[in-house]
Amino acid sequence: MMENAWLIPLFPLVSFVILLLFGKRLKEAGAYVGILMTLASLVFSILVLFERFSEPSYIQKFEWLKIGDVSLTAGFEVNQLNALMLFIVSLVSFLVHTYSKGYMHGDGRFPVFYAYLGLFTFAMLGLVISPNLLQTYMFWELVGLGSFLLIGFYFYKEEAKAAAKKAFIMTRIGDVGLFIGMILLFWKTGSFEYSEIFSAVEAGGISQTMITLTAILIFIGAVGKSGQFPLHTWLPDAMEGPTPVSALIHAATMVAAGVYLVATMFPLFAASKTALLTVATIGAFTAIFAASIGLVQTDIKRVLAYSTVSQLGYMMLALGSAGYVAGVFHLMTHAFFKALLFLAAGSVIHAVHTQNIEEMGGLWKKLKWTAPLFLIGTLAISGVPLLSGFFSKDEILVAAWEGGHPILFVLALIAAFMTAFYMFRLFFMVFTGEARGNQNHVHESPGSMTLPMLVLGVLAIISGYVNTPWFGSFLGDWLVDGNEKLGHGHMEGPIWIMIAATVVSLAGIYLAWLIYGKRSVSRNWLSGSGDTLHTILYNKYYVDEFYQMTVVAVTKGISYFLRFIDVFLVGGIVKGVVGFVQGLGATGSKLQNGQVQTYAAVAFVGLAILTVIFALTGGYLQ
Amino acid sequence: MNLGWALTLLVLFPLLGIVVLAFMPKTAEKSIKLVGFLATLPSLLLALAAYLHFKWGKDLADFAVTHDWIQFRGMNADEPYFSVNFELGLSGFQLILVVLTAVVATLAAIASKYVKKEWKGYYMLFLLLETGMLGVFTAENLILFFLFFEITLIPTFFLIGKWGYFEKEKAAYSFLIYNGLGSAVLLIVIMILFAKTGTTNIEILKSIMADPSAPLSGDLKLGLFIALLIAFGVKLPIFPLHSWMLKVHVQAPPAVVMIHSGILLKIGAYGLIRFGLGIFPEQFEKLATLLAILGVINLLYGAFLAFIQTDFKMVLAYSSISHMGIVLIGLAAMNEAGVQGAIFQVISHGLISALLFFLVGVLYERTDTSLIENLGGLAKGMPIAAGFLLAAAMASLGLPGMSGFVSEFMAFLGLFNELPWVAAVGTLGIILTAAYLLRAVLGMTFGQAHREFAGIMDLRGVEFIPVVVLTFLIVLIGVYPSVLSAPLQATLETIMLGLGG
Amino acid sequence: MSADTFQSINWSILTPEFIILGVIAILILLDLFMPKTLSRKILGWIGIAAILAALIFTLNMAGGPVRTILDNTFRVDSFAIAFKSLLLVGAALVMFLATSYETKAGLERYEAEFYYIFLSALLGAMVMTSSGDLITLYVGLELLSIPSYILAGMRKFDSKSNEAAMKYVISGGISSAIALFGMSYVYGIAGSTDLIEIASKLSMLADGQQAYLLGLAFLMIFVGLAFKISAAPFHMWAPDVYQGAPTPVTAFLSVVSKTAGFVIVIRVLLTVFGAAASNGPNSMPIIMNMQDYIAVIAGATMIIGNVVALKQSDIKRMFAYSSIAHAGYLLVAVTSLSANMFYSIWFYLLAYLLMNLGAFAVIQVVSEKSGSTKIADFAGLYRRSPVLAVAMGILLISLAGFPGTAGFIGKLNIFAGAFAGDPHYVLASVMIATTVVSYFYYFGVMTQMFFRPAEDESKFNLPFGIIIVLIVAVAGSILFGLMPNLALDFMNNHLDILNDFFGQ
Amino acid sequence: MSSIPASAFLALALILFCIGLYGALTKRNTVIVLISIELMLNAVNINLVTFSKYGAAPSIDGQVFALFAMAVAAAEAAVGLAILMALYQRKKTVHIDEMDEMKQ
């Protein structure tokens, strides 16, 4: 089966092509093409995953491009991480395809949406089976394209246009880091193949500085894709896309690609302490940074988006603390519960036609399926014991502690508290209390939307059990099998960590309940709207404004300066030369005054000058 | 097997079209356009046949053709005559350029359907231009190269000056004078080489130059190379010799810009590679750092300026400058990756800019504007055109899976090995490219519609041919770059041999 | 001179000159006795026939040995044949132009006069090519000049024409005096007027003082002759005279007269100064030392011609400056003094002859129609007469020196010479830079013809003579541009000019 | 006879030539200009005849040359005057500085 893994990405590609060519004729029936094709991918992925449990990794490649004597290859590889990712991606993609059939119903560009989804899924699946850095990079960019297209799906909205543009450019900044890192690695190791890079790193042929440099450059790529600080600003804006897209791309799969990349390149990172520390620090900082913003946002999707950024920071923290398994584990659980949350949020939006949580409230009764599923997701992400998020978060905290980063550990803990708080704030505001907006036409979503949520809900609960302190660390052991450098399958940590995690998450929930559920505490007790802290958080620490004032302004400034040069200097020189020639012509023309005696005089003067020169130089110009 | 006749025919076939057109009544618009289009086909078919010939493992040397042409009297009384032969030939590099030329020319002939007046003159000049371009890429000696090079100048002047937009005459003059200066410098180089060595055959010159006992001093060679750099720098164009091409891009009719941006600019790159790298490898090496810096300047300068343009054509014009910077970057690397990247960029940009300008033509035809703000929200009215526009922009900004990426990647790959810091600065261009292209393209296609697009047709009929063919080729090269790299192997090996390693 | 000596002289080598001379006499007589009402066109055709006959006889002599008569005052060598053929071809084409010239200023009354005065000028030019003596050279020169003065003033009732003639006479007189003054020193030092003898005497010159004097003489001769080829600093008459003279005469001045000018420049400079020792017997010839002076003049000529041409609004004045510029290009070939110099000059003159006469044919047609010689009169020519416009376009392209035309091959030849041996980088660069400048004004005419709308849409009737000239000019420009060896081989195979000068 | 050195004749010729040139370049009357040109040519003739007698290699050629020069000069003057006549009929002036209809 594994030798046919290359088919997995091809199915969605076929869907993309079919829908692009025949979308107009298929109309909404196009959804079936997409669903069927992703189902095929899912089935293949599951088969590959199960085969990989028992068989060794499989890699196959062929020559793609020859540069002199070096031949660059393309191909595919199935190892533990790839197989797992294949499964996650194709599963979430399949579910989102299904879900979208209901959600996008009635949209005029329905087939286009499915086509884009197909393209994205193709790219994402291609990314995870790439056997080398170059191919990874190529698909890396393609997923960016898919994301860009889907964010800008409502192209006629100015916000969507701006968001799409921003997403593309911000991630591209990161991509350039990856690009440079990749090329530097190539010249140091002579290959783009992961295996060869790692063996070269291991062999010690590369200086420590170069390892750190390349690792950090590659990490910059991950920062861009995974919305880590300081390149995080595009991700919340990306919520302008249709909600299923947010679930698929900006929660479960693409944004996790950064984590996946660091995980894939882990042996390189592991070789440099500095690089690891950088990853961990950025991750932890992002986790708390984004979480704090999430506390005050009022757009349901934006809260989720900041939560995503924060959770991705968690994963980075895990990887940076050498918690390979923890990172990947959280990636998986997060994919499920965050996709669930988004789909549920989409269902809510579908029902009430607004994204502002201030206008919601009291939906628990009206959305019989959505509300409980949303609660499951909220519990999972908050790290309430026995749900998936609890286990994976615990792993991360252990990794951070064991990795010797007490400060980062504390940060992570605070972030966990905040997460629980803002998620339940969201939950309470949306589903409990009085209806604050017009809810006349609210109705539960159709089955095609609730069923995928159901599947994810189940997974959000159970997926944590593949790697627990109690029932064995199956996932971890499998992931690191055959490669000790990735660390242990499960980290033994002090039990108080688990207790602490539970306590902070419950505390967060309790506080949220006090404020938004029971309303016994004023919403403004710490910092109300209009207060400095609130304003800063609400405006996301003014990072966007800061960029606008610095990077964008500088770029524009340089542009206008160069235009000045272009017009006045380059153009001026040209005008000067032309003017000089013209002036010469005018002078010559003026000399032609019609007086024949002048003409002869000129000739005579010419002769005289030549003669004088001849006389002075003793005869010859030498 | 000697196929020299085929190559000669390939180059001269468009002239046959001119003859046919000469006998047609000048009011027969439809049939003139048809004949103009058909006349480009034989060359295209022959070019494709030549590619297949190579694909099937046969020798490209089969296409070489040599005839006696001009015998000059020797410079000194006792010297024999100097011969300039009519020599055409194909190497892998030339082959792909010929194919590119034939393809773009045929597509531009289709795009010429928007020409509103004096079709007869237009197509005659157009076909003359095609012969010139095909000749440039197949000429095996410098004089013949120069002949064809200048032949491209005159029809282009008229095509711009007569069928262009508002400031067409100014643009035509700008084109003529800059390129005239460029070719003048080139002529000096050619004639000095000719006078010193008695030959203009490129291959022979290469071997003469490689010979240390050649009758040229190092300083002279360096001077000649710098002159060559200026000559082709005008064409490419290299900052600060670029201002003419902005005017041309904006003022010329779209079909001509397709040719101009797609092929004529590439003559500069071709010349730098074939003559600069080929004949003056040592001098090239000496100036490699300078070239790399120039390349980065081009790349960033074009990108920054493209960022603030209001006219989409200007964006594309500066983008061409920027992209030609990548050619320089690749060449300056002077290793396999870099040079191959540069050549890829030549082809890739040829296809992409042809596509973009065709779309510009389509838009202009329907909306009478190419100002970004006037076109906002175009995707609503013309979704297919907008889609292709976006695809072309993506190709241009180097999205993997399309040709732009492969070339950009290889060029940078090459330079990072030689001058990592310069290359690192250059990568800034990758970001800027994305920024200005998205700004422009999204500004045109996305967002609120600023105008009624009712009654405006989307792409239709034959308009699909150029768009689809070009997109296909762009994707083909992006996905399967071996279609280009295979014919290039031999060329690259020769160049690397010349560089001594 | 006894009858025997008279008969022993090989008069046959004078056949072409005799034909022209005879026809001049016949034309004068015919004009005298023909009824006044009869058109004089027929006389023009007779003239053309005579020129063609002379051409055939001249070409027939190609390939033979050097023949001289009358004490070497008249010689038929390869040089003479080569340039005489050029003159005859040019003259024939000018005659075609003249037969089609119908001006309102009333030339018809003097039409016959025009033909035989023109032929006299031609005769002078022919004599110049064959002279082996300073005296014949001078007489030939003046035989060319004096009828030219009259031709320029042919339109007797046109004040511009008169003024042109007057300016021409005065400039011409001063220039020939200067040149003659220089020649007199040459005679003084060498003691002979026979060029060959001068050469052999001067090559043994031992006195540095005399060499110095010869240098001065060189400058005087060169500047004096610069008048004939309209090179700086004696170029300023050209625009005024070209503008005022009737168009066929302008064509004649710019082509035939200039060719003759180069003939004499080359003859005198190369024979005399190419042999004269600069510093003791068998040392470097003076001309090698004077190369830089020629270069300066060549450079100045090219710059002035091309740059001032930019500012012209009158097509004939513009062509005057263009013709100055072309003289500059030709002087580059003279400067280089390379072995291919004769070939390049000859070929360039051939190309120049074709393209310039063709252009003047178009100018004549257009200006006759519009009654003025403004460049703006060419506006919309493409609409009015595509054939004329395209022909003019090709000729302009040739003048600008684009490949595929004879003008390019001509420049190529000159370049090759300039870079051979001791290379003249600066001069060649000036040449090429000014060539680019010339694009401005040549393409300015193109702009008018092809881009601008016409003010009056009337069509043209092309007279037979014009058609002939255009066909010859356009076909020749392209043919010699693509296959220059058609002409070069004629030189290579039949004529060995080098031998004429350096063979002894 | 030989008491006068050759250089004196040459100097005379040179002076004459310069006078002629000066006249040709400065006089307003066209007739005087034409006469000045004749002066220049006569200066040449003096040179030629001097060289013919006292030159480095005296020969008769110089005198022959002078004769030709005189004849030609006469013809030239005749043509010049004829043209001047025609011009005078048009413009009613012989001032050379008024002949500037064509310029620039």
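What to note about this one:
Every chain is named by a letter (A, B, C and D) in the order it is written, and numbering of its residues begins at 1.
We take it that a residue touches a chain if its C-beta (ideal position, glycine included) is under 8 Å from a C-beta of that chain, and two chains touch if they have at least 3 such contacts.
Keep in mind it's a predicted model, so treat the numbers as computed, not measured.
By the document's definition of touch, common neighbours of chain A and chain C comprise B, D. Considering the contact criterion stated above, the chains in touch with chain A and with chain D alike are C. Of all chains, the one whose Cα centroid sits at the greatest distance from that of chain B is D.
Computed centre separation for the pair chain A/chain B is 37 angstrom, with centres defined by C-alpha atoms.
Computed from the mean C-alpha positions, the centre of chain B lies at a distance of 64 Å from the centre of chain D.
One inter-chain figure worth recording: chain C and chain D are separated by 25 Å, centre to centre, where each centre is the mean of the chain's CA atoms.
Taking the mean of the C-alpha atoms as each chain's centre, chain B and chain C sit 43 Å apart.
Contact with two or more other chains is made by residues 166-167, 170, 174, 178, 239-240, 311 of chain C. Residues of chain B in contact with at least two other chains: none.
In chain D, 21, 24, 33, 96, 99, 101-104 are the positions where the chain touches two or more neighbouring chains simultaneously.
Looking at which chains touch one another, you get A-B, A-C, A-D, B-C, C-D.
Residues of chain D touching chain C in their complex: 13, 17, 20-21, 24, 30, 33-34, 37, 40-41, 43-44, 47-48, 50-51, 55-59, 61-62, 64-65, 68-69, 72, 75-76, 79-80, 82-84, 86-87, 90-91, 96, 99, 101-104. Residues of chain B that touch chain C in their complex: 69-77, 79, 81-82, 121, 143, 146-151, 153-154, 157-158, 161-162, 168-169, 172-173, 176-177, 180-181, 184-185, 187-188, 191-192, 194-196. Here chain A touches chain B in the complex through residues 63-70, 134, 137-142, 145, 152, 155-158, 160-161, 164-165, 168-169, 172-173, 175-176, 179-180, 183-184, 186-187, 555-556, 558-560, 562-563, 566, 569-571, 573-574, going by the rule given at the top.
Across the complex, chain C meets chain B through its residues 338-340, 343, 382, 397, 402-404, 408-409, 412-413, 415-421, 423, 425, 428-429, 432-433, 435-436, 439-440, 443, 446-447, 450-451, 483-485, 488-489, 491-492, 498, 502.
Contact residues on chain A toward chain C in their complex (touch as defined above): 581-582, 584-586, 588-589, 591-592, 594, 596-600, 602-607, 610-611, 613-614, 619-621.
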